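I'd like to ask some things about the structure below.
Each chain carries a letter (A, B, C and D) given by its place in the written order, and its residues are counted from 1.
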């Protein structure tokens, strides 16, 4: 398979999978098989791209022109490669998990669920491999739209309210802020191709660039900078596999990915100084701390995880905004490490719900004894998010810490340190309660259905194993932050 | 009959088919002839479009009287594009109409509707193709009169009142237009557009020109439903038969916009009138007012057809907004929106026709749960709605792109904010439909109804697919629009 | 260039405004159509009056005549009259049907009926 | 009124002359004021006159509605047909010059048929309008 074909395949395979799933809707076993096959094929297609990209190649495909001079274009560069690898490998895990979860809970409209799921992966791949801003924007909006049916899956009033907030904020920010920013960039720079070193350098004043940056940062609502973060907790009305893959990996990471991409390839890391970027660490730092505090006070488990995600996303924004090579490496790595950790946590939350129908943190006393595998995995995920070695989260945090020191941003260093404490404060009590508190005697449930348990154990294991097989992600991340070719 | 007669045949064929239908009076014959004629029209229009792209302007002297004395048909980059739009819509609507008309009209009136459809098509194509100001008026009235009849054929008695109101407003508009061109004729002694454009520069007295300009603007403004002259449109669209609504929304107002563009840029030229009168400011303010108020009103409608009718008023505001900016990007956006909005609204109203057939009415309480019973119809409507909002991947996005670009080039940042904010209002009314269709318990009265008949659904989906296609590959639409815009801006200077 | 020498314009303008006023001010649908007719008639006048040359004759080539009136406005207005007649006929036909459907041709009563109907739904 | 013998006799006497006058106006349109439009109206007026005297059912028997509609359509077709004939004979649409060997004769021939088409359509439309309105009132009276 040539790299060009693999790029197109990465977008086409999930889309074709969606069609296949729709066609096999009446035969659940066949339908799930189609999903798994599509997931495996996608991962293979993405994996074939790794070695050429590591070798420095930048395979690209240009399709028809959406606006004269502006084609739909794909180009694989290290950051997108990393993102695509993470998303495609976790799709396999979450497909397995979905099968257990959806059947265990007797959810309705399962075919629609799998179709939209596959489509959202297609959109995610489109974002990861986007070669210019317009392509990124196209798939970004598509991702919002195809995840809407997933968020409103239950179809009740709560889902409707959540869906309104989800769609209103994500589409609203992207249309009102991001679209004008993109068009303004086109008007100023005359190109929208992602270019190492940026395309705006020397074409716009520092003040103008700051304004444009603000449009981008708040326009990319998926990155959940405060105050446009509200959609993320609202999206938690969705079934847990959706929350896991989309709101821990695909959707939110698409936002963080777009932020890094815009900072590195549109603005450039060296073209603009603190007058442009100076305000961004403050906003990101505030988001980190405020979201952590909210998470601390949330009793609903998924809500706590959601705010934890908001906070972790701002790590990436903060690290990218520092513009130091090592912090950008950290930002890129964090996209991967946070994904593995957070998806494990969501899987665990879903498994708990499937097995016991418990949703609140305060109900979890002693649950670790009934569901040892689930809570064991939860613990590993939590450790990774907090950043305790040997879990994967430690490494990305390490690079961020070094980056802050390197660029002399001691305030950012303090924010990171403080938030690590907060992370610990909102995760460790859950672990403690689960294993060391007495349990409710009326409970008679065991573990969740086996596909769910297998999936969450697998992601937890991956979280632990990642540091030992870190060459590929590290190399990719290094290429983003270090010397772009 | 060779290639050179195509401009005449473009108009004559639909014109002849109308009396033929009246002569035969059979419903199936009427339908078959309407379909045949609209497809031939499309073929002719596409041929003309390609010819113009190859060889430049095509002229045709009716009766072999050379212009400026005789009536001249003149096809250039701009109106060949509009011809394609009009005949394409007709070619999709006509085959769709058979079942819809049979369901909505008494048996003995069906042939009449097809006759009027052909007449209306002839009128619209005639307005577009002719190079003579008075001939525009004649065709305008042919199209309008047949439109009044078609609206009056609507099922409910309100259709009569709507047709009457449209008749009064439309006639006033046409008469204003005649007054305007009468003044121009008195000043220059010519009715030929190309000839007039040359002679106007030598007219010393500018005051009668300004009066003519004002009369023409108001007259055409009435026809194209420029805010606040849009009062006739929501009722006319809401109560006309579904087919008629689809056809009109995609073509009638667009052709009027074409006439306005022709007068503003080819005849008057930006230099003469935009300097003497604050036309662009006035048009800009009216467009924005139209976009915002009509979108807001649309949000609160209970009837789906009425809702999208108000949305049409807003979308026309986008078109005139591009005109008022009067730069290349703005004009490109306007012209390409003729096509984009035509295709989008055509698709939407055709799909609504399917719903009307199955559910009886298209009020929101009847629509509940329609996403499950009529999945393809509902999904098509969602795509059409997204195009109205301007989501990338749909035709509406392309328009928005050019309008925002034009506003940025003029330095109107506040206008950018208005444009994107108005998209959010559009999102509001489109999402009312989505929630009713997918997130509400089904309406008991129409639980058993299934999907619309395949022939209706199929042709409606042709437009839905076109709506997505023109959002992704714009080499035809934007290419043609840009060429026309360059031509107009060049001619205006 | 006195006011009186342009009297045809004054007549035109008067008819124009009178017709438009009737269309706007009258609630009776037939009267509205009559107003519309007057309004259109004023335009006929606007075209035809300047076409007349003093001392000119009908534009039919014959010996002994050298000045002819401009025939073009007549041709145009003949067309416009046909259009006007068609509009009027169609308008009246619609009014007849409105009368059959509503039992009245007064605009306010029709609107009131529509409003009642809407409230019932 | 329908039984009034004077009116009936005068009408019967008058109507042929009205029709004859219509034909005069029609054919003299080349040389003097007149033409298809006026002729069509006069023809329609004579029929309307007949209707007023003898009543609508009688008139409908004499000239049924389908004939009137056919007149409307066929007149337009004659008009357009002359135009298309121009194309078929190698000229432009509505080109009269090619209708005969001699361009002037061609002109005459073209104008003649055009005027015939106009007359047929105009009289048809006038009668159609009249039938429509007259018919409505009767229905209401009866019902």
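Keep in mind that, in the parts below, a residue touches a chain if its C-beta (ideal position, glycine included) is under 8 Å from a C-beta of that chain, and two chains touch if they have at least 3 such contacts.
Quick caveat, the model's predicted, so the values are computed rather than measured.
K.L.:
Any chance you could check whether C-D or B-D wins on number of contacting C-beta pairs?
P.N.:
If we tally the contacting C-beta pairs, B-D comes out ahead.
K.L.:
Whole-Å distance, chain A centre to chain D centre, using C-alpha means?
P.N.:
79
K.L.:
With chain centres defined as C-alpha means, what is the inter-centre distance between chain C and chain D in Å?
P.N.:
A distance of 24 Å separates the two centres.
K.L.:
Mind checking the centre-to-centre distance between chain A and chain C? Centres are C-alpha means, answer in whole Å.
P.N.:
69
K.L.:
Based only on mean CA positions, could you tell me how far chain B sits from chain D in angstrom?
P.N.:
Using C-alpha averages as centres, the distance is 36 Å.
K.L.:
Spell out, as numbers or ranges, the residues of chain B touching 2 or more other chains.
P.N.:
In chain B, no residue touches two or more other chains.
K.L.:
Residues touching two or more other chains, restricted to chain A: which are they?
P.N.:
Within chain A, no residue contacts more than one other chain.
K.L.:
Can you tell me which residues of chain C touch two or more of the remaining chains?
P.N.:
86
K.L.:
Touch graph of the chains shown: is it line, ring, star, complete or other?
P.N.:
other
K.L.:
On the basis of the stated criterion, which chains touch which? Give every pair.
P.N.:
After working through each pair, the chains in contact turn out to be A-B, B-C, B-D, C-D.
K.L.:
Note which residues of chain B are touching chain D in the complex, please.
P.N.:
Per the stated touch rule, the residues are 1, 5, 8-9, 12, 15-16, 18-20, 22-23, 25, 60-64.
K.L.:
Taking the complex as given, what residues does chain D use to touch chain C?
P.N.:
Listed in rising order, the residues are 31-33, 37, 125, 129, 132-133, 136.
K.L.:
Using the touch rule from the top, collect the residues of chain B that touch chain A in their complex.
P.N.:
Interface residues on chain B, with respect to chain A: 386, 389-393, 398, 400-401, 404-405, 408-409, 416-417, 420-421, 423-424, 427, 431, 435, 438-439, 471-475, 478-479, 482.
K.L.:
Residues of chain C touching chain D in their complex?
P.N.:
58, 60, 78, 82, 86, 89, 92-93, 96, 100
K.L.:
State the interface residues of chain C toward chain B in the complex, per the touch definition above.
P.N.:
Touch residues, chain C against chain B: 16, 20, 23, 29, 32-33, 36, 39-40, 43, 46-47, 50, 73, 76, 79-80, 83, 86-87, 90-91, 94-95, 97-98, 101-102, 110, 114.
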